[in-house]
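There are two complexes below, and they share chain A, which is joined by chain B in the first and by chain C in the second.
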Partner chain A sequence: MYSPEFFLMQGANGLIMGCLYALMALGLTLIFSVLKVINFAHGEFYMIGGYTAYFLVSVVGGVNPLVGVIFAMAVLLVIGSLFEVSFLRPMHLGSVDRPAEYAILVTFGLSFFLQNLVLALAGPFPHRTSSFMAGGIKIGVLTLSADRLIAAGLSLVLMAALLLFVRKTWTGKAMRAVSQDKDAASVTGINPLSMNNIAFAIGASLAGASGALIAPIFSVVPDVGVLPSLRAFIIVVLGGMGSIKGAIIGGIVIGLVESLGAGLIPDPSRALAYRELYGLIIFVLVLLFRPRGLFGEAA
Partner chain B sequence: MEKTTLKKLCLFTGLLLVGLLIPLIVKNSYWLHVFAMAYFYGLIAATWSFLDGYAGQFSFGNIALVVIAGYTSGLLAEYTGLPLSLGMIAGVLAAGVVGLFIGYLCLRFKGAYLSLFTIAFAEAIRIILNTEHRFTRGPCGLHVEGLFNTTSVVPYYYLIFFILAVSLFVMYRMLRSKWGLFFQAIREDDEAASAMGVNIVRYKIIAFVVSSIFCGIGGVFYAHFSQMLTPNFGQIATMGLVIGMAVIGGVENLIAAALGGIIVQFGLEWLREFGAWRMVIFGALLMGVVRFARNGLLAPMYKKFIGEEV
Partner chain C sequence: MKRLLVVAVVLVGLVAVGAMAADEGPIKIGVVLPMSPPGAYASGNPMWWAVLQAVQEVNEAGGIFGREVVAILGDTRGVPEEARAATERLINKDNVVGIVGNYHSSCALAELDLFKNYHIPYIGAEPWADDVTAKGYDEVFRISITNSMYTDITVDWMVAAGFKRIATVHEITDYALGLEKKLTAAWNEAGIYSEITFTDVKTEDFTPTLINFSQWDPPADMMYGGVTGPGAYRILKQSYDIGLAPSPDTVFYGTNACLNPEVWEVAGEAAKYIVVTQIGLPPSAYTEVTKTENAKFQKAYGRLMNSTVMEGYDSFMLMCEAIKFAGSTHPDAIIDALEVMEWTGMRGTYSFLYGSTNPVPEDQPDYMWHQWPDVSEYLLQYTEVGQSPEDATVVWPPVFSELPEGQYFIPVPEE
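And then the complex of A and B:
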């Protein structure tokens, strides 16, 4: 059973899933680094991304699944921006007591609301978006699902685009300035409030993109975002809160650990279920031995 | 006697009397069942308020601790010949020990580690209970023995009412003691509290363990009252319900949070005909209260009537 091909196959699948996890975690870490808010509705942004792509591609029909991904990102951009203005801005204007607690409550409240709204509107039954491309692609000795490869490739493209945006554009640099020191940034003429808004909207749309990219691989249900969001939390803690490099490397590490780890449990139903627990073990280890994560700043 | 003390005495005696008299007026066992579940949720909402509203530590783990205590007691009764009472004590202890472990792991640091860890932990417990179905019966549910040799709900009603009243009293006394001051000092400004000589990590852990133990008591009751445990009771949505109850009542007021739990449970029962939309309504209410009425809906009324906060 444990042939070299087996490990190669699990490793390749782990890398593919790791890219998708990294995309999701990147949105979370971007929001955290600029707004200092952990977005507990990240999983629901992912879920909405999956549903909007499904809606456009399979219900309305007649469009390429890629257009579905772009549509999902646009929808989440708007939802993220509106939510930030109406619920998170008051916190940054200083009109909210105990902002840390408020941020968790209001994003968690949104998560609860969205999950139940989609349940009421779309029902509990799973839906699957049509494939990017059916069948498999043969690379050397491995045959990999074309949908997975395309999803991973697109998430690499999106991550590269985000890195370029953050490093090369004025807005990206301004966002980094706000994340380092809000007050100093505003002295130089940057409006921290609009940077908060842009960062939150982009973060939400990255979650939406990962949901839309995975929609052809796994089905969407109203609570499909719960496990991916928990995984994103763990990745961000592992990589270091607010670290972009940490989110990408952390995502790939978690993808590999889950995939290789699952191969070590002989009982297949257990292997599948316990894949989710490796992250928690890593979480415990990080808290015990390196609480600031791989690339986080020392407290 | 001070005026506020007198008012408080009136309020608490009034609530106690109403609670004791309800089974004499409400004869319908369905509604008595709803009352008992409302008290259970009131208790858990109060443990959440105890931790978040006073010590400032945001946990998603209360329902997971309820589930751990319930399953410990239920599984011990199923697989060992242990008397129910010992199994129940073991359930409460298990919640306390797990609470101590989580507290030690997460509360040594500042920041949102506790919220992040407990939400992942709760989901992990649910996954394990579902996966090890040969042992736990998984989604089919674990049958748990009842406590009383009768089909009547009345003894359970009085039991959970008693548990709720005593738990609230004990937590209230703790918060009125030196501990309560330390908790609030940590919540308002942990660096200042630390500079004044409060061992902040220790008191954060104490607050977490106390809240865990009361969750365990609630969990053991829930197991033997509902007589059926399923892993999905421990899903994050249930925790969302508890947090919403405490927030709608008023996080910074133990009594208001418990009353919030009771009232919301009745509200949800009343909205049952709306089906899936009732949770949408609840979610919207939760967000609205957080945004526009930060102190909840009941706590300000309490403050106005009594003239002081809890």
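And then the complex of A and C:
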């Protein structure tokens, strides 16, 4: 039979992974809520975040990994902003005939481009950023990886910061206004184009932060973002498209379900193979009974 | 009738012109490798580098029949349908005279009927699935190890080491699923209890399953990390982080990805005391070609070649040597040459024992058809952080082992 320690270990692992999933999904949902664009290059922003932190911390050296995370966020902020201005803004200016298809194609294109660019520049071998802190941290009967705990803690801090930003600052409120009604927001003096740019840049930056936080735990390779971005899409739909609260809770739910599902499934041979399936079952159930997701608003 | 004759003459003329062009231009050899995601591009790219070295050396030596040799790359991306498309293109658009390569068994298996239908000689570099040669196609040869050959040697070591309980994670690929069947059968026969978890090759977090294994009482004797690519390092690190293996109770056995220096960068001290299989000759038995090419590779990549890179070089060179031996680029001549010739490359002297003139006898497995039978394999164990595979301790087979007689691995010391 399973011991209480077993449940604690699986639960703690699920919570930690859930926080990291949530941070990744948060960027995606923020972009969707304001720009109404599904960013298919989100996984590649995550990958570039990991490589950027690796470059600063392990190649340049002499830098604390936390600085690597901040640097990665800053780089992705700039990349996100430039990409939005160059490729997504024409869509919002009405100079693109079929904006929905255009957004899919241009973000897909960026995804392939970035994967292959990084493969050419950084090479095919995996890299890992130096640890935030080597070894484990003992909490009660559990000994948890210090890197994972720190990454999860920083994810929580970043999520809290984003919530404060969107709820308490003028820019955050303006972004929410644009996400609710772009035309009404512009009547009140808000420039929707600027809000689009800020939202996309912050979304990309959050993906970069996720990648930089994960880099000391899993290592980075050019296609490291494929699976996390797929998971982020599931979390965003599960939590409700465009819902920040939904992305956070959805991420934690998926983290817990994956960990406990893999630990408790009666046929251990399928435990990891079906790991994504556990989250998908919850996803399908939520969509069946609540099609707009856990915290999504009715159309 | 007259019109038909004219059409026939024109067609014959076109074929003749095509044949003359094929005989006069460069000799084109196709190379199918995973060069980009989602395939094992970390193996495909260095293998392609090794092929280009071979091309350069052949051309510097005057080419073949005075003609330049050209390698044409087909990126399979590790996806069977893309591998088929790349192979079709190499055969029908680029008019290659032979094809070498492949890392993923699934890709090689998807291409097999193309080699047969178009009658194109193929030398498999690294597809391990038995079925690649077991189908008995005239055109298909292989220089890598097979799942069955690998199983025989590694299970012999596990039995000798006295392992009774093995926790296993296996990736879901054609290669690994075939290997898992062989391993499970061999473990059952040897009375070894094993529990297997399958996983996607891209899995990031193996911790939930490793936590399950860590609850075993008594603990597992061995943790078999049957994952290739970056996953090989992740599972090792995560296993170590939760105290499962390597540990005083449990040996960690890793795939040959753990021979790459990234094992130290990603897994760090977790890799100390792991056991890994090296396919190929031990350093003491390196050929002159091995030493020369290894030096070049070290200059380019800052590391020693692993067996897959050697196979990239050797498979291409072997195709070139077969064309020279045949005195022709005609497929029948190349196939006949491969069946009878011998050539010494980076991993030993290649020859194919069983083929059309010497069919596979009933007491030999089907996969021995056009299979290089002398693939050498040995197991090594790291004893220092950052150690090179060349400096690691050879633990199996007994003929190469550096351990005292009766010892089969170095246990992790109790803290």
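In this section, the second predicted complex is superposed on the first by the 288 of 299 C-alpha atoms of A that agree within 3 Å, B and C clash if a C-alpha of one lies under 4 Å from a C-alpha of the other, contacts with A are read in each partner's own complex, and residues count from 1 in each chain.
Keep this in mind: contacts are C-beta pairs under 8 Å (C-beta built on N, C-alpha and C of every residue); 3 or more make two chains touch, one makes a residue touch a chain.
The model shown is predicted, which means the values in this text are computed figures rather than measured ones.
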Given the alignment on chain A, is it a clash or a fit between chain B and chain C?
clash
Does chain B (first) or chain C (second) touch A:L26, or do both, or does neither?
neither
Check the residue A:L35 against both partner chains and state whether it touches chain B (first), chain C (second), both, or neither.
neither
For A:N13, is the partner it touches chain B (first), chain C (second), both, or none of the two (neither)?
second
Based on the superposed arrangement, let me know which partner A:V226 touches: chain B (first), chain C (second), both, or neither?
both
Mind working out whether A:V75 is in touch with chain B, chain C, both or neither, as first, second, both or neither?
neither
After superposition on the shared chain, which partner residues are touched by A:L119: those of chain B (first), chain C (second), both, or neither?
both
Check whether A:L110 is in contact with chain B, with chain C, with both or with neither, and answer first, second, both or neither.
first
Go through the superposed model and pick first if A:A273 touches only chain B, second if only chain C, both, or neither.
both
After the superposition on A, what does A:I150 contact: first (chain B), second (chain C), both or neither?
neither
Single chain B stretch clashing with chain C - from 73-81, 127-135, 181-189 or 253-261
127-135
Those residues of chain A which chain B touches in one complex and chain C touches in the other:
115-116, 119, 223, 226-227, 269-270, 273, 276
For the chain A and chain C complex, residues of the former touching the latter
2-3, 6, 9-10, 13-14, 17, 115-116, 119, 123-128, 136, 143, 145, 214, 218-219, 221-224, 226-228, 258-263, 268-273, 275-276
Taking the touch rule as given, give the residues of chain B at its contact with chain A in the complex, in rising order.
52, 56, 58, 105-106, 108-113, 115-117, 119-121, 123-124, 127-128, 130-131, 187, 235-237, 240, 243-244, 247, 251, 275-277, 279-280, 282-284, 286-287, 290-291, 294
Which of the residues in chain C end up touching chain A in this complex?
36-38, 41-42, 44-46, 169, 172, 195-200, 202-209, 211-212, 215, 229-230, 233-234, 241-243, 260, 262, 265-266
Within the complex, chain B is touched by chain A residues 38, 40, 86-87, 90, 96-98, 100-102, 104-106, 108-117, 119-120, 223, 226-227, 230, 233-234, 237, 241, 269-270, 273-274, 276-277, 279-280, 283-284, 287-288, 291, 299
